[in-house]
Every structure is written in C-alpha cells, then in structure tokens.
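Here subunit A shows up in two complexes: once beside subunit B, once beside subunit C.
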Partner chain A sequence: MDVIITGLLLGGTYALIAMGLNLQYGMARIMNLANGEMLVAGAFAAFWFWTGGQISPLLTVFLVAPAAFLLNWLVYVVFLRPLVRRARSRGQLEVDSILTTFGLSFVAVGLMLALFGGDYFSYSYLSVPVHIFSSTYGANRIAAFAAAVVICGALWLWLNRSRAGMTIRAIAVAPDSARLVGIDVMRMAAFAFALGGAVTATGGALISTFLTLDASTGGLFTLKALVIVIMGGVGDVRGTVVAALLLGLLETFVATVIDPGLTLAAAYLVFIIVLLVRPQGLFGRSTS
Partner chain B sequence: MKRRTFNKLAALALMAGVAGGPALAEDVLKVGAVAPKTGPLAGGAAVTYWPNVKLWVETVNARGGLTVDGKQMKLEVIEYDDQTNPGETIKAVQRLIDQDGARIVLPPYSTGLNLAAAPIYHRYGIPMITSTATTDKADEISSKFPNVFITLGGAKPIVQGAVEVLSKLRDRGDIGNKLAMVNVADAFGIELANEAKPAFQAAGFELVYESSYPLGTQDLSPVMKAAKAAGPDAFVAWSYPPDTFALTEQAVVEDLQVGAFFTAVATAFPAYAARFGDSIDGVLGIGGVHADGQDFQDYAKRHEEVTGAKPDFWASATVYATFQVLEQSIEAVGLDNAKILDHIKGNSFDTVIGALEFDEHNNNPSFWTVGQWQDGLFKGVASTGREGAVEVLKKGAWK
Partner chain C sequence: MNLTATDWRNLTLSALALMLAAGLPWMIGPYGLTIGVTIAMYTVLATSWALFSGPTHYISLATAAFFGVGAYVTGLGIDALPYWLLLPLAGLAGAVMAALIGLTTLKLSGVYFVIFTLGLAEFIRQLITWGQNISGTKGIYVLTSITEKHIYWQLMALAALVWLLGWLIARSRLGFALRIIGDDEQVARHSGINTARAKILLFMLPGAVAAIAGAIMAPRYVYLEPALAFTPMLSFQVVIMALLGGTGRLWGPLVGVIPFTFLWEAISISFPNQTTLLLGVCFLVIVYLLPKGFVGLIDMVRRRLQRAEGWS
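After this line comes the complex of A and B, so read on.
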C-alpha cells in the first residue's frame, strides 16, 4: 500500500514534468530541448513569490501559466515558425527544432543565471505530514499530485471533447490534410506549443515545493520528460500519464523492495524494453 | 587660431590624463578565476566560490590594490564558466595564462575539478591553494604536483570527526548505538560511506540500515521510510545539496525521531537554514566554522555587505582564507611563482579561519570536520585542531 501511494505520488510529479513536452512534441511537432528550462523558470517564479510575499505556489500558478503561455507563443512565432515554414519533411523539422531549442536552452540558462543567480532555490511549503492508511506522506507531494490529476484530466477532456481539442489532434495526426479542411495549422500549432509551455511552467511551480532546483538543472527534467513522452507514445495524453505513473511505481518499488541504488537502472531498463517491443510507445500509433 | 590649438591640446592632455591614470597597463594585475556557473555543481559554486572572488577583489582594491614590489596594483578579475566540465577547466586555465595575460589564477571549485586541473597548474608553475577539495591523498598529490596545497581536509578525518561526535552522544546516554547510514552514489558519497562503515562499526555502532541512491533522485521518501522502519538512534547521510534538502524534508514529514541527524554538503548553506528555519536546531553536518569568533563574524558581515549573500558555514571562509594566503605571499615576495610557492610552504598566514599553515605534504592539518546548527548558527563541534569548538547537543524533536 505504502509503495503504491508513494509511487503514485512520484508518478504524478513525473506527469507534471512530461505533459508539457508531450503537447509541444506531439501536437506542435517541436522537439523542445529547452522545455526543462521553462520548468525551472516556473519553479523560480513560485520561489520568488513565496519568499518575497508569502504567496502560495498554488496561487502563483495562475500568474505563471499565462506568462509562460505568452512567452512560449513568442518563442514559437519568432524562432520556430520560420523552421516550420521551410521544413520539407517532418524529419527535417525535427532536426532543425532540436538544434534551435538546444541553443535556446543555453540562452535560457544564461538569462536565468543573470536574473536569479546560480544559487539553489529551495523553500518549505506544505511540508507537513499527511496520514493515509497509517503511513505518512508530504502534503506538498499530495497537492502536486492533485494538481497533476486536474491538469491532465482537463487536457484530456479538452483534447477529446472540444472542437479546439479536435483541431489540435487533427494537426498532430495530419498537418497537411488539416489545412485542406480549413484549419489554420500554423496558428493552432503555436497555440499547442504555448499551452505546452504553460503546463510545463505550472508543473515547475508545483514541484518546486519539494524539489531543490538551481538555474542549470533544467536539462535533467527535459531528459526525464523525453523518456516518459516516448515511452507513453508521442502526442497521447493517456500514454504520458500511464508512463509517468508506471515509472513512479516502478522506481518506488525498486527503491523499497530491492535497492534505492537501482532505481535509475530499472527505469532505463523498462525504457529500453518498451523501445524494443513497442517503438511507437505504449499508446502511440505506428508511424509506418 | 592659437586659442583653438591650445584648447585642443588641453583636451588631449585631459583625455590622456583620464585614460592614463589608474588604467595604465602595468598598474593592473589580471586575476583569473574558473569555476562552474552552469552544470551540476553551479549551485554550490554560486554559494561558496564566486562571492568570495568578488569580495576578495573588492577588498583588495578598496585599500588601494595589491602591493607588488613596492607598487600598488589594482586587481582586475577575468571569470570563466567551466560548465562543471574538467576539460573546460583546463582550457580556461590555458586561455587565462596564454591569451588573457592573467598573472594570478585562483584554484577551481570542487574536489574533482581541482584534481583534474592540478597538472595544468603544475605545468605553468602556478600556486594552486585549493579550498574546496577534500582528499586523503595530499602526500601523493604534493609529491607529484608540489605546487598544490590542500586546505579543506580529507575523508578520513571527516569520518573520524563524525564517529567522535556520535560516540560522545552515545557515551553521554543521549543516543543508543543503532545507526542508519545512506549515501549518494557518487565519488564523494561512496568514498565517505566506505570510510565510515568500518569506522562506525569499530566504535561499537550497529548499522541497522544502509543504502545508496543515485545522484539526482527525485523522491527520497522510500529511503527515509526504510531508514525509519529500522528504528535507528542516529541517522547519517553522505549527501549532496539537492538530496541534503530532500532527506531533511522527508525526515520532517516522516517524523524521524533520532538523537543525532547528520547530512553532508549543503547542511552548512544559508539556504538550508532559510528553508527549514528553527526545525533544524541540533542538525549535524559536514564542516563547520568558529561561528562565535570575531574573525568569522567580521568576514560574514563584509561578505553580506559586498555580495548581498551570506557565506556558508564551511568552505566559504576557507575559500577566502586561501585568497588571503596568496595575497600575503605576493605582497611579501612579488609575482615570481617559484618564490610564492617557497613562501607559502615556509610561513604561517593570518586568515579569516585563523592561522593557516601547511605541513610537509602541503596539507593544512587543522580543519573543521563536523558542525551543528545551534540557535540559528552552524557551529563547529569537531575539528582536527581548530579553536572554538562548542559542545555537541542532542537533537530534539522536529519543530
């Protein structure tokens, strides 16, 4: 029981980390290697509002999300739209966007260093024990898990039940055909990219309540998010959630029952197995 | 016409005067500094290393500059980010000497980067007074690279200090002999854990839980739950900054009740106190300073005034002290590296951590090993011969 709850809580954290990248990569078709930096920026905003004015990170997200949305929209329009326009194939766009966002990630780290400094930003919020089935869990992790449920649930509903969601899914599946039925692909892709950025920054604000970050930790999160998104299947909200929870449960199980030193090894072993057996991911559509 | 010529000449003279004053090439001494500003160790360097470079340069320049062979020279610092990558550290040192014309190169940050850069400092003959490297191999290093000095101590004495402190608490009846020990699976954590395990067992402690976890682990609650389930009287973690924070938070959440709680790197950081406040009263950690000493308090005050940040309670003061050693040696013998090295080996220096003197292996034999948070200050409780240690206290409940 203990393992399951701890694992689910960790899985919720992973879902927060990965969901934004899923939108950016799966829907907007931009492999954004600067995704982790957006997460760190969101975390820093939460830290700044908390230490500056004791404003709860749970409220800060309502400021962080629109700001990140706007920022990512600009990034897409200025840096990425030209790449989309000139790309002849999906493969070329992937290579170009990886190179561009890799560069952007350095710019982002540099900017954050200049603005925030290189110090660790770490604060205590809701770090009180909550008792569930005679075991204790951090309230901040439970809050982040709840937020993950709300965000992922809302995204899933929106993508599957609303017209705008359907449009986004259309551009993800077949951008060329989507244009034929009157969808403004460029505009919707920019929207999906910006939304992904907003979700990522929100995730950053939430996980900063229990993780210690500094300006250059973004890369670690990009990597983790990438593993989860690819494992779950690119462009599939369900897949990302399932992969995140699976990874959380697996790591906690290995740490508790076998040895905490083997968590990373176990995570990558599962990743490799998934890639070998289902290269398109757990829920992904076969590309061929 | 004549007046215009005069005016022009006067303007020219004025310009020459402005430009030629303090900025004349020979009156400026270029100081190179290379350490992480990005990468995994950037957070630690931002607390412990970079503010001291700024503080030292500003302090020296404020009193008119460094006196080199009777002439006052202003310091001008050139900073490079090595991205926590040893290859970049080495390249930056070469660039500082060959292209930038730096006459002084400060030591890099962290054990790994210092050891990796030792050969290049040696090749250029630069004195390398390390301040953030912990190693037991001072004699081996100094025989290979006689220009390298070790100030912060080694794993063996630090483990010894931890064993002494815990033994004292046990002998006083504050804790029992059940010990839970974890470490980060990285060179630092593995070396210390390997040293510590036999040392604690020899001192009569029973290891009821032992584990390692990978660097960058996001959830340490399984580790803390398992440690708590083993019912220890003392908890020791050879940890790095993010996990030091995470383990402490989990200990609070799980309400781990132990009479001694020890975490390693970052326990002495101001951010640790800022995050956990009063609840860390009684927490033990690696390092320490003579927190009640006038020297340290003056240093901490100036550190905050000049850099806007508080120093940590371990290596910060040591970093500054090694700059002072360099400063005093240059003022005594000039810029000749060979002479500086001889001077460092043969003298005792008055620094912010007290008298600093190196033994025949270029090793500083007296340093702090264990500190404890008491009333908002991280005070040294065990050292290898530093003055000002306070009595260790039993850790109470988390607040």
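After this line comes the complex of A and C, so read on.
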C-alpha cells in the first residue's frame, strides 16, 4: 500500500513533465532533448524565490509558467523554425532538431552551472507529514500531485473540447492537411512547443519541493519523460498519464523492494520492452 | 578489384601519412604524446562512427557504451588472459552488443534509435555500479607494462584498419546499398535491399572498433571506474568531431578531430567549468553554420575557385 501510494504520487508529477515533452514532440514535431533543462530551470526558479523571499512554490508556478512559455516560444522561433523551413524530409528535421536541442541542452547546463554552481540544492517546503491509510506521506508530494492532476485535467479538457485544442490535435495527426483547411501550422506548432515548455517548467517547480536536484540532472528527466511518452504513445494525453503512473510505481517498487541503485536501469528495461513489443504506445494503433 | 591511378596515389599517400604519424612519438615530448593518443583515439572512434552514421543518418550515442565494455574486458581479463587475446575479445563483445542493439532498434524510426543508444551507456553503468556495490568492490586496477607509446601505436594500427575497411566497404555492394538507404530508405526497400540487415552489419563495425579502442585505452587509466569508462561525454564528443569534420569522406572526421582536440584541450585548461557550454555551442555551430562539416566547406571553396578560373 505504501509503495503504491508513493509510486502514484511520484507518477503524477512525472505525468506533468512527460506531458510537456509530448506536446513538443507529438504536436510541434520537435524531439526536444533540452526539455529536462527546462524542468531544472523551473526548479531553480522555485528554489530561488523560496530562499530569497519565502514565496511558496505553488505561487511561483504562476510566474514560472508564463516565463517558460515565452522562453520556449523564443527558442522555437529563433532556433527551430529555420530548421523546419529548411528540412527537406521528416528525417532531416529529426536529425537537425536532435542536434540543436542537444546543443541547447548543453548550453543551458553550462549557463546554469555558471550561474548557480554545481552543488545540489533542495529546500524544505510543506514537509509536514500527512496520514493516509495509516501511513505517512510528505504534504509537499501530495500538493505537487494535486497540482499535476489539475494541470493534466485542464490540458486534456482544452485539447479535447476547445477549438484551439482541436487545431493542435489536427496538426499532430496531419500537418499537411491541416494547412489545407486554413490552419496556420507554423504558429500553432510554436504555440504547442511553448506550452509544452511551460508545462515542463511547472513540473520542475513542483518537483523541487521534494527532490534534490543539481544543474546537470536535466538529462535524467529528459530520459524518463521520453520513456513515458513512448510508452504512452506519442501525442496521446491519456496514455502519457497512465504510463507516467506506471513508471512512478515501477521506480518506487524497485527502489524499496530491490535496490535504489537500479531505478534508472528498471526504467530503461521497460523502455526496451515497450520498443520491442508496442512501439506505438500502450493505446496506440499500429501504423505502417 | 580494379585500382585506378588515383586509387594508387591515394593509397601511397595514406601509407606515407601513416608512417609519418607512427614516427611522431620520437619527435614530440611526453605532453605531445598525450595529445597524440587522444587524437588517435578520437580518430578511430569518429571515423568508425561516421562509417555507419554518415550514410544512414542514424545518430548513434552508444560509443561510450561500447568503449566502456571494451575497457572492462581488459580490466577484468588482464590477470587471467594474455593481453593480445583481450583485444579481439573486446571487439567480439562490441560486435555482438551492436548486433543486439541493431536487431531491437534499427527497424524503428531514427529518433528511437538516438534515445535508445543515449540511455545504453547509462544503463550499463548503473548495472556495473550496482554490481560493484553488491560485491563490495569499488574499481578495478589495470596494472600493465604497456606505455603511452604502445597505446599510441596500437591506436594507429586500429585507425589504419578502420580506414582500410571503410575504403573497402565504400567499394562493396554493402556500401552501395547503404548509400541508397541514406538517400531514401523506401526506395532501398523497394529495390530489394534488406535494409535492416545492411544497417545491422554496418553498425557492428563501430561497435567492435569502439570496444577495441576501450580495451586499448584501459591500461592508460590504471584505475577503472564505471563513471570513467562509460562517460556520456565521450559519445557526444565523437558525434561532434565526426560531424564537424564531415561524414561524406573517409578522411572527413579526422579534419574535425584535430582542431577539436586542441580547442577542447585549451578550454579545459583555461575554463574547466565551461566545457559543457562549449560542447553545446559546437552542436549549434554544426547545425547552423557547417551542416556538411569542414569537408563540405572545403568542397565549396574548391568549387568556387574552379568557377573563378573558368571565368577568367
């Protein structure tokens, strides 16, 4: 029971992070390998506001999200749009965008190292015990989970019920046909990319309340988010949530029952199995 | 095989260049030799990397995984087996590993391959670290009588072998098939090429070579640790150097390796904390300014010159 609840709480925050990457890869068609650094930047911002002015991370989110949105929009317009324009094929864009976002990720790590140093950082926020089913959990984990549920729910509603959401889903399915029916694909892709970055940074701010991070942990989260996105299916919100919860459960299970040193190895093993058995994702239909 | 006059000229020139490079340890000091070993190592790794990734456009980030496995073959086997047996053993381990990776991922889209290979070194590193924690050992001592000079010559020989193989592959059916795959995989499949098999076969080459390079380099480290042998930085540097030089020609990666090694050396000495930043900037420079590497730049300049001559 203990393991299940801790796992679900962790998985909820993973869902938020993976959702950001899924918006970027599934909708904007950019495999953003600098996604993890956006998460660390969000976490740094939350840390900074808390230690500097005792501002609650749950409030900082409202500052982090728009700032990350703007930053990612700029990144898309400045760095990625030229690549989209110049790419002759999907494969070409894939290679270019992987190299670029890798470069951006290293630049971001380098900048954060220069600004904040290489130390681990953590702070104590809402670390009061909460009792559920006669076991205790940190209130910060529960708060982060609740925020993740709200944000994922809002995103799902927006994508499935609103006109803008439908437009974004349209470019995810068929960018060429979307252009024919009068959708400004370039603008919507930039929007989806920026939104994805904002969601990831929010996830970072939330996760910083209970995890210890340093300037170079971003890559680890990128890898986890990728495993989740591929497991859940590219562009599939429902699949992402389920896959994130599964990964959270798996990691907690491996860490408590087998050995904490094997959590990443377990995540990777799942990734291999998913690639072999269901490369289209949990709920995806197989494509040719 | 028919060799033209140009082929003979290129072969002779390559042999001369190789002999000159092999004589370097007598001409340069110990510090020079250290850099020489680094250059030789990256030449081997980047050239073999480009043999696969150049034509197929699949970016492999598994170099560190193969390299680390090779280093551990030497580390674990040095007390039990003669050294000269360890190198082919490491190569075999690398080739088998590459074949397994190829079988599982090369049928999938390029992006999955990149991510899979990115995580691989990390995965193996975690397993070995975990294994060491369980068994209570920390690192492995690799104590041999092999000196820096020997390492340099071994790497040189390996580089020569890689070039020879690359040259032969480019003239073989496999090389032809790979160029078609690189241009358009759909076309390749329709014209009856077994794309998966061709890619797996060629992927085994950099795998084996990187593992052998790791096995050769192991005595230099003296003390082997997972974090050292499987450092992801190695994979990234190999990609950067190969792309910086250009993957279109056999000698392309070498043109990237030499300036990058000196630049990296200078940066790590004067700004040790900014290496990550520099690596990132290099990635961006390649994508936006040198998409075809130095080779592409040289070709462009040569074409301009020829055109200028034609006008005059």
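A few comments on the model shown:
Here, the second predicted complex is superposed on the first by the 272 of 288 C-alpha atoms of A that agree within 3 Å, B and C clash if a C-alpha of one lies under 4 Å from a C-alpha of the other, contacts with A are read in each partner's own complex, and residues count from 1 in each chain.
Methods note: a contact is a pair of C-beta atoms (placed from the backbone, for glycine too) under 8 Å apart; a residue touches a chain by one contact, two chains touch by 3 or more.
These numbers were taken from a predicted model, which means no experiment stands behind them.
By the touch criterion defined above, A:100 reaches subunit C but does not reach subunit B.
By the document's definition of touching, both partners, subunit B and subunit C, reach A:259. In the superposition on chain A, A:123 contacts subunit B only, with no contact to subunit C.
By the touch criterion defined above, A:276 lies against subunit C but remains apart from subunit B after alignment on the C-alpha atoms of chain A. Look at A:268: by the touch rule set out above, it reaches subunit C but stays clear of subunit B.
Touch criterion met: A:113 reaches subunit B and subunit C at once. Of the two partner chains placed by the overlay, only subunit C lies in contact with A:83; subunit B stays clear of it. By the document's definition of touching, of the two partners only subunit C reaches A:230; subunit B does not.
Looking at the shared chain after the overlay, A:211 reaches subunit B, while subunit C stays out of its contact range. Residues common to the contacts of subunit A with subunit B and with subunit C across the two structures: 109, 113, 118, 216, 259, 261, 264. Put simply, subunit A touches subunit B in their complex at residues 2-3, 6, 9-10, 13, 51, 109, 113, 117-124, 127-129, 135-138, 141, 210-216, 220, 224, 248, 251-252, 255-256, 259-261, 263-264.
By the touch criterion stated above, subunit C contacts subunit A in their complex at residues 57, 59, 104-105, 108-112, 114-116, 118-119, 122-123, 126-127, 129-130, 133, 232, 236, 243, 273-284, 286-288, 291. Per the touch definition, subunit A reaches subunit C in the complex via residues 31, 79, 82-83, 91-92, 94-96, 98-100, 102-111, 113-114, 118, 216, 219, 223, 226, 230, 259, 261-262, 264-265, 268-269, 271-272, 275-276, 279.
Residue ranges of subunit B in contact with subunit A, taken from their complex: 37-40, 42-43, 45-47, 50, 182, 185, 211-214, 216-219, 221-223, 225-226, 241-242, 245-246, 249-250, 252-255, 266, 269, 271, 274-277, 309.
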